[in-house]
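Chain nomenclature is as follows: A, B and C, assigned in order of appearance, with residue numbering initiated at 1 for each chain independently.
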């Protein structure tokens, strides 16, 4: 009897795993089929106004890159503080707050940036969108920096100090170098996560049909446009949304896989 | 140099604190208008952007007052120039009211559906990854689950709307865009997250504990039930609550599937709306009281999420570690 | 004159009630090897780590007494427990080096590892760096094995080689004292033998204090031995006296294996 219960349980567990994989497969296959059928290379050559996706792809990359330029150094510096300098309560609190912010609703961050940047500056802008993305990125980078630095053995730091190096030298020359691979992977994964975000951009940088490098106006976004396109009645818009979804997901998954590949190799 | 480095990293760390407080203050400030106008009634009022009569006057009283009725209210109905004395407010007899009940209910219910749907599956996957699968299969499947987690939420919305929802609607009837379909797709979204944290919690069980149970002749199921789950119980509950916290704030997947109407659902397969979706759809055009009402919703969402996530972190996940 | 003098030294870890070291008085003789032995938890590592104040990485410790380091220029002793300023700490650690139980190669090339202490001391001249790196590696019996791959990562070396690298790195700065914290406990017997030989070689240039839980090692290589137990210094004497003719019963019990 016990063995029967055991077998049933194991079967259920395996079944759940299969369900999980099935969902993954279903989504990916759907994306692949629908996306590929609407895909053609001219999508990379035309902007949305002409039925292409070029401006949106480039726009999303620009927004995410700008957010990274702001968010990565800040996040790393904060992560270094928490792990290396923080003794006691304050560092703990920052670490906890950062963790909480990682799971905070992205649309609320959009609302925050809307109130703080969009309203005073009189309109949506690429800057506002990038800032919203940066705010989302910082806690993720903090978390990964903190974790990776904590993996560096205590003795390595002590060995540096024992040679007469000052703390910041030990951190820069030894500790970060030792955690380099893990931190890089973490940053890559953070980039992949942010590039797929829609909600923070919805009313901060919105999107644009045209190619633009002007961050002071509404700025083209792949994710926001997918939402807009999907809501349009025309079949062609829906098809375009699928093609865009396919491209977006490919980008995200490729970066993700690249990130894991790096850690695997360096190990 | 050392001092500069220290100060720089401290400032960056403090930024987190500042942003969080900044968000709270900003939301509070921007919803001031709505809060002062509606107070706590906002939480129980289901009318959004509705015209509602004020001062107890009926909407269809003509603007020319009946003399006899009015004589009782303020005595003097005709002033020196023989003009009718009328209050400005009494002419426009309605005001626009915003009540947050529908989005709040929608948020809570979609999250509930998501958790109920994905909990058993997530637990099953976690058990599979932690205890049942051999190392290499566990790694591969684990990676696949992590890939599922990496898929942007808008993709879940697309797939959910055009492929998943029609099937659900076929099976249970009702609308394709509804509380149910939104909740289910939300469930698929939080599945990998819950599975991963649960698996990690289960993996903290010391091997010696498991080995002792096996050595007594327990089956795998019994070891999981009697040793691993009790040991990692706190962490598992924490993971569920954390997933709950994330589901509360999810926007894009729900936006595609919930229907986006400010109507309380009478059945589980009715369309309705959630807070993030209300914000997503209306922020662009809103102004004045309506905009403030949206900020009020944002504040409510922020406070609830913050509370739930903190609970998960501090009470459950800290204890587990 | 001893190169260091530990006088009535007590140490308490942060947040702990009772001191981990009680009133330790002990000289560290110049150009000799002093071994600290005793069962786990007796405080030998705690004492060693006080000698280069590496405890100060973790604030909140309580020190009592004095630890004196001889200043070779003035022939006077300075109490290293008085040190508060960053640059004085740095100077201390350049004079009193440390090698750890686990080999700790930095994530850089072999050359950069050995040169690290020199670079932070301000030595920039490439030739001087190269010369001193070579001298240190030769002094650590590692030169032959690595001279062709100085630019390769130090992580590729074996455990025994990594430990010799750490020794070369510490020696390059020309310290007066070298502290070894169980340097061979993580190594295989052959590497252990090589390192023991190396330590004996080194004493002509530096004064050495070694913590070891391996009594045979202490009796093999050290000139003086201090036996510690539960934070107290039970007995200090020339090594042959400790092992052949201990004065204290507890020392004798430990040596003969009755406990520990």
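One rule holds for everything that comes next: a residue touches a chain if its C-beta (ideal position, glycine included) is under 8 Å from a C-beta of that chain, and two chains touch if they have at least 3 such contacts.
Here the structure is a predicted model, which is why all the values come from computation and not from measurement.
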Inset, instruction - Could you tell me which chain's Cα centre is nearest to the average position of every protein Cα atom shown? - result: A
Inset, instruction - Taking CA centroids for every chain, report which one is farthest away from chain A. - result: C
Inset, instruction - Could you put a whole-Å number on the gap between the CA centroids of chain B and chain C? - result: 59
Legend entry - Rounded Å distance between chain A and chain C, as computed from the means of their C-alpha atoms: 47
Inset, instruction - Could you put a whole-Å number on the gap between the CA centroids of chain A and chain B? - result: 21
Legend entry - Multi-partner residues of chain C (each touching 2 or more other chains): 86
Inset, instruction - Find every residue in chain B that makes contact with two or more other chains and list them. - result: 2
Legend entry - Of all residues in chain A, the ones touching two or more other chains: 166
Legend entry - Complex contacts: residues of chain C adjacent to chain A: 52, 54, 57, 59, 86, 90-94, 97-98, 100-102, 104, 106-108, 116-117, 120-121, 166, 169-170, 173
Legend entry - Contact footprint of chain C on chain A as seen in their complex: 87, 153, 155-166, 169, 173-174, 177-178, 180
Inset, instruction - Going by the contact rule at the top, pick out the chain A residues touching chain B in the complex. - result: 2-3, 5-6, 9-10, 12-17, 19-21, 23-24, 26-27, 30-31, 34, 73-75, 77-78, 80-82, 84-86, 91, 93-94, 96-101, 103-112, 114-116, 135, 138-139, 142, 166-168, 171, 189, 192-193, 196-199, 202-203, 206, 223, 226-227, 230, 241-242, 245, 248-249, 252-253, 256, 260
Inset, instruction - Show which residues of chain B lie in contact with chain A when the two form their complex. - result: 1-2, 5-6, 8-17, 19-20, 22-23, 26-27, 29-30, 120-125, 127-129, 132-133, 141, 143-148, 150-159, 161-164, 188, 191-192, 195, 219-222, 224, 242, 245-246, 248-252, 255-256, 276, 279-280, 283-284, 294-295, 298, 301-302, 305-306, 309-310, 313-314
